[in-house]
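Shared chain: chain A. Partners: chain B in the first complex, chain C in the second.
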Partner chain A sequence: MRATRLSVLLSYLLLGGMAALFIVPLLMMFVGSLKPDQSILVEGGSLAAFLPSEVSLQNYADVFRRSDFLRYFFNSLFITGCIVSSGLLVNSMAAYAFARLQWRGRDLLFNLVLALMILPFEAIAIPLFYGASMLGLRDSFSIQIVPFIANAFAIYLFYSFFIGMPKELEEAARLDGASTLRIFFSIIMPNAKPVFASVAILTFLTWWGSYLWPMMVTIGPSVRPLPVAIASFFTLPPLNWGDILAFGVMMVLPVLLLFIIFQRWFVRGVASSAIKG
Partner chain B sequence: MTIRSRTSKQSATALLMAIPALAGLLLFILLPFAAALALAFTDLRLGSPLPVKFVGFGQFVQLFNDPDFMRALLNNLLFAAVVVPLQTVLALALALLLNQGLPGTVAFRTLFFMPVVFPMSLVSVIWSLIYAPGPDGMMNAFLEWASFGLWEARDFLRDPLLALPGIMLLSIWQGVEFQMVILLAGLQAIPQSLYEAAALDGAGRWQQLLHITLPQLRNPLIFVMLITTILAFRLFDQVQIMTRGGPDNATTTVIYEMVQSAFARQQVALASAMTVVFFLLVLAVTWLQRRYTHHEREMT
Partner chain C sequence: MRYGILKPASLLFGLLLIIILAGCGKETNRSSDEDRLRIWAHAGQESERTVLQEQVARFNQSHPKLDIQLTLIPEGSYNAQVQAAAVAGELPDLLELDGPFVAAYAWQGHLRPLDKLFDKQLIADLLPSITTQGSYAGRLWAVGVYDSGLGLYGDRSKLQQAGVRIPSLQQPWSRDEFETALQQLSIQDPDGQVLDLKLNYAGEWYTYGLSPILQSAGGDLIERGRHLSADGVLNGLESITMLRNLQDWITKNRVDPNIDDAAFTSRRVPLALGGHWNYRQYQASLGDDLLLLPLPDFGAGSKTGMGSWCWAITAGSQKTVAAATFLSFLLTTEEVLSMANANGAIPATRSAIDASPLYRPGGPLRLFAEQLEKGRGIPRPRTPAYPIITAEFQRIVDRIRSGSDIESVLERAVEAIDREIADNQGYPWRGEVKP
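On to the complex of A and B.
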C-alpha cells in the first residue's frame, strides 16, 4: 500500500506544480491591475508580484479615460453574438437537410462540405481581404460577421448528432401532418440541446478571440473588437502596464465567469471537436 | 398525397433549409479559395494600374528564392517540431493525472482549462510583461532563482535566440489544455475491463500504459497532434503582437509574411502564392493523419 500512497502524493505534487504554472500569469494580471503602474515592473521579479501592496482601481478608471473600452466590448459582443446565433440556425438547418431529408445532389454536396472542413481561415484570408477592399466593405460590422456564419465544421457536428437521433418522434409527427420545418423547429431543436450548446461554445471561443481578420479589415476604432483593441492599447504611448492589465481583466472576466458557471458545457463542447478524426 | 409529390415537396424544403449555409460556404470559402489558387499564378497588386498578367509559377519561384519566406517556413517547421511533441506529452501527462479519479480532480481540471478562454492577443500581452527585460522581469527573475544566480537577465523578445522559444512557451501554455480535454475524453472511453484483465495477468502500471492506454488512445493522440501541427503553421497573433517577426526574422512565419505582403505591400498575387504553400502544408499533415488513424472502432 505504501507504493500507492506515494504515487498519490506524487500525483498531487505534480498536479499542484502544473496548477501553479497555469495560475501564475493569471494571478499576475489580476494583482497587477490593482497596483500603481510604477510598482508592477519593479515587483515583477519577486513574490510581491502576487501581493497587492496598495489596492486601487485607478488603472480601471484610466482604461475608460484612455480608451473607448465599452465600445470595443459592445463590438465584440455584437459581432460574436451575430455569428453564433445566425450560425446555429443556418448550419443546423443545413445539417438536418443532409441527415434526414431525401433530395437530389445531397450526397455530393455533403461530401463537398466535408472537404471544406480542412480549409483553415488563413487559406482564404487574402482573397477575402482583397474582395472586401474592392467592394469598400472594410471597417464594417458585416464584413466581420457575414462570411463566418456558414461553417462546414458546425454542419458536420450537427449532422453527427442528428443522424444518431431516434426517428420515431419525427415519424409520429409526420403522420400527424406536421411539415418538415415544423418538425425541425418543435421536435429536433428541443431534443438536440447538447449539440447546440457545443457548437455555440466552440463558435463563441473561435470568434471572441479572433485577431487576424479584424486586424486586417478594421481601420478606425468604430467597429474594432476587443482582441484588436487590446493589441493597439498595448502599443498606445505612454506604456502603462497597470492600465494594460486592467484592460485585460475587464476583457476576460465576463467570459471567465461564464466558463466557471457552464464549465461542464465548455468541456463537452471542446471534447466534441475531436469527433472530426 | 402520393409518394412522389411528398418527395418533391421534401426536396423543396430540403433545398430551402440547406441553401443559406451552402450559399455562405460557396461565397465565402470555396470562391475565395479558388481565387487564391488562381491569383497565385498572376502578378496582381492592389491598386496597380497595370493589367493583370498570367505569370505561371513565377510567384512561387520568387517565394522560394526569398530568404525571408524561407526563414518563415523554417520557423514554422521548428515551431511544429518543438511544440507538437512537447505539448502532446504534457497534455497526455495531465490527462493521465486527472484520470486517476483523485479527490479534487474537478478543481484541477477547471484551473488547467482556464487559459482556453483567454484570447491569444491577451495572452501575448500578458506574456510580454512576463518576458520584461532586466532582472526584475518575472521570467528573468525566475530563471535567476532557479539557476542559483547564474542566469543573466536577457531581453527575451529582442534576442534572436530566445524570441522563438519564448513564443513557443506561451503557445504551449495556452494550447495544452485543449488537447488535455480531448485526451481525457479518449481515456474515459477506454473499457475498464481491459485494465482488469491486464491486472489479472500481472501487468504493472507502466505495462498497462504501454500496452493498453497508448494503443487505445491512438486516434485521439493522432488527432491532437494534427490540430497542433496545423496551429503551428497558422502561427500569427503572438508574432504580430509580441515581436513583429523580429528580431532579424527570428520569429517570422508563413502567415505573418503572407499578411505583410498583402497588407503592407499590397502584393495580392504573392500573398496568394503563400496561401497556396500554406494550404499544401495543411493538406499534407491532414493526409498523414487520415493515413495513420485506425477506422475500425469509429462505428458509433
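On to the complex of A and C.
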C-alpha cells in the first residue's frame, strides 16, 4: 500500500516537473511582456520572473508602434490557414485513395510517400528554393503555401485512421448507389473528425512558427509572416526584450486558442490514430 | 440532398482557387518602369527608419523623373534574406550592407565598384574609415553615410576620487596604468566590479568591441596581408597575453556582467566600454561627470573599432547612374547630418563632421571622429572569410568568460578559420567586375 502511494507521489512529481518544463517558459514570456525592459533580465533568474511588479501594456503598444503587426498577423493567418484547409482536403483524399481504392501502383506509391516522411524539410529547402526562383515565385504568398499542401506525414495519419474504420459503412453506402466522392464526403469525413482535428493542429503548429522557408523566399512586408517580422526587433543592442516578449505572446495566442478549441477532438485523434506510436 | 455532398468540396476547392489566384500575382510592386530604383535597407532603429523614409520622399520630390522604391527588411534576418535573394539573382539596384560583409558580397560578384561613379571631391571628403571599410581588392564597393565610434566612457567623479589620471587621445592609458586604475577603483567599489565590457550584448559586439583591445596588444584576428591564415596571429603570444588579461579581469571580479544594461547609468561602475549609441543615455544619467576616453594602449597603440551600415550598387543593376545620384544625395552634408543626428553616429564626411554639434571640434563626441581621422580604427578583416572569423571570435570570448584554457580555445578557432579559408582555396579574386 505504502509502495503504491510512493509510486503515485513519484509519478505526480515527475509529471509536475515535466509540466513545469513546458509551462515555465510560457509563463515567463507572458509575465515578462508586462514588465519594463530593465526588470526582465534582472529578475529572470529569480521567482520575481513570474511576478510582475509593475504591470504595464506599454510593450504591447510598442509592438504596434514599431511594426505593422496586424498585417504580419494576417499574412501568417492567411498562409497557415490556406496550408491547413487545402492540406486537409488533399491529404485526406490521397490517404483515402491509398487506404480504400484499388489502382495499379498504389502500394509502390504509398511506400514512396512513406519514405518522404524521413526527409527533413532542410534537405529539400535548397532545390525547392532554386525551383521557386526559376519559376519567379519568390516573394509571394503562393510560394509559402503551395509546396506544403501535400504532406507525407498527414497522409500517413489519415491513412492509419481510415484503414482502421469498418468497411461495412462504405459497403452499405455503395450498395445504395453512392459514388466514391459521396462516400468520402458523407461517410468518411463525418466519422473522422478526430484525425482531421489532429492533422489541422499539427499542420498549423508546424507552419505558424515556420521561419527558415519564409526567410529564404520573402523580402517585402506585404507577404512577410510573423516569425520573420519579429526579426525587426533584433537590432543594435541593447534589445527591447519587453517588446520581443509581447510580440511573442501575441504570436502564441492563436496557437493556444486553436488547441483549446480542438483539444477534445485532438486528444481523441491522438488516442485513435498513429500519433500514439 | 443530391448536391449536399458537393457543398464542402466546392468550398474547399474554392479556397484552393483563391490560393492559386493569390499566387499568380507578385505581392510586391515589381514595376518594369525604367525610372524606378529599387532599394533595400535594414529596418534598424525607429529614428533611422524614419529619416531614411523622409530622405527617399525628399529625393523623389526633387527628382520627378526617378522613383525610389524602398523596402525595409528586418535587421535580425537581413543578411540571410539578402544572401538568398543574391543566390536567386533578385537583388535590387541599391543595397544596404553591414560593413564587415562588403568583402563577401564583392567577392561573390554581387556588387559594382563605386570609385569611378563619384567625383573625387566627394571621395576625398569621406572619413578614411568609410573608404577603408568599403574597399576590397583595391576597389571601393560601398560607402556609408555614417560610421561607428568606440571608446571608454568614464565617471569623472569616481576617477578623480580614486586619483586616476584622465587619459587623452594623445596620451592614453598604458597597460600598467589601466591595470592600476582598475585596482584603485575596485578598492573604493563595494563589489569590486568597476568595468562594463557590455558582455550582455554578445554576438557581433564581441568582435567589434573587443578585437581592438587584441589589436592594441599587437595581436589580431587574422594576418592582414592576404588574409590567408589566423595561425601565429590569433594564437600568437600577443593575443594569448591580452586574452589572458581579459580573462583575469573577469575572474578577478573586475567586470560587471551588466545583466540589466544599467551598470554605468546606475553608477555601479566608473568605466564602460561603449559606442556612440550609448552617449545620449549616458549623458542623461551622468551629466557633466561623463567622460569619453580612448581605449588604453596595450603595447601597440590605442586602437578602436569602425564600420557600420553602408550602401552598395549591385552588379546586376541597369540603373547605375540613378543609384549613384541617390547615393550622392545621401552624402550631401544636410542629408548626412539628418541621419547622424537621428542615430548619433559619426557623420561620414568631414564637412558634415564640422557642422555636427556632437562631433565638431569641441563637441562632446569629438574623440570618436578624431580616432577615425587619425587612422586608429581597425577594420574588421576585409575578407569573404569574415563570417567564420567573427563566429569563432565570439566563441572564443564565450569560452574565455566560462574560464576555458585560452591556448586550446585559440588553437581550435585558428584551425576552424584556416580550414574554411583552405576549403575556399583562399578566396581567389576572380575579377568579375562590371566597370
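One rule holds for everything that comes next: the second predicted complex is superposed on the first by the 217 of 277 C-alpha atoms of A that agree within 3 Å, B and C clash if a C-alpha of one lies under 4 Å from a C-alpha of the other, contacts with A are read in each partner's own complex, and residues count from 1 in each chain.
Definition applied: contacts are C-beta pairs under 8 Å (C-beta built on N, C-alpha and C of every residue); 3 or more make two chains touch, one makes a residue touch a chain.
Not measured: the values here are computed from a predicted model.
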Item to check | Touched partner set for A:21, first chain B, second chain C, both or neither | outcome: first
Next on the checklist: Contacts for A:102 in the overlay, against chain B (first) and chain C (second): which applies, first, second, both or neither?
Outcome noted: first
Item to check | chain B versus chain C as contact partner of A:231, first or second or both or neither | outcome: both
Next on the checklist: Looking at A:111, would you say it contacts chain B, chain C, both, or neither? Reply first, second, both or neither.
Outcome noted: neither
Checklist entry - Taking the superposition as given, does A:129 touch the first partner, chain B, the second, chain C, both, or neither? => result both
Checklist entry - chain A residues in contact: does chain B have more, or chain C? => result B
Next on the checklist: Quick check on the superposed pair: does A:56 touch chain B, chain C, both, or neither? Answer first, second, both or neither.
Outcome noted: neither
Checklist entry - Looking at the overlay, what does A:42 touch: chain B (first), chain C (second), both, or neither? => result both
Checklist entry - Between chain B (first) and chain C (second), which does A:252 come into contact with in this model arrangement: first, second, both, or neither? => result first
Item to check | Doubly contacted chain A residues - partners chain C and chain B | outcome: 41-42, 44, 129-130, 133, 146, 181, 215-216, 228, 230-231, 234
Checklist entry - How about chain A: which of its residues touch chain B in the complex? => result 8, 11-12, 14-15, 18-19, 21-23, 25-26, 28-29, 32, 40-46, 49, 90-91, 93-94, 96-98, 101-104, 106, 109, 112-113, 116, 118-120, 122-131, 133, 146-150, 152, 155, 164, 179-181, 184, 205, 208-212, 215-216, 226-228, 230-231, 234, 241, 244-245, 248, 251-252, 255-256, 259-260, 263, 266-267, 270-271, 273-274, 276-277
Checklist entry - Given the complex with chain A, which residues does chain C contribute to the contact? => result 4-6, 8-9, 12-13, 15-16, 18-20, 22-28, 40, 43-46, 71-78, 80-81, 84-85, 87-90, 198, 200-203, 205, 259-262, 277
Item to check | Contact footprint of chain C on chain A as seen in their complex | outcome: 38, 41-42, 44, 66, 78, 82, 85-86, 88-89, 129-130, 132-133, 137-143, 145-146, 181-182, 185-186, 189, 215-224, 228-238
Checklist entry - Given the complex with chain A, which residues does chain B contribute to the contact? => result 7, 10-11, 13-18, 20-25, 27-33, 35-36, 39, 46, 93-94, 97-98, 100, 102, 104, 108-130, 132, 134-138, 140-141, 144, 173, 177-178, 181-182, 184-186, 219-220, 222-224, 226, 230, 234, 236-237, 240-241, 255, 258-259, 262-263, 268, 271-272, 274-275, 278-279, 282-283, 286, 289, 293, 300
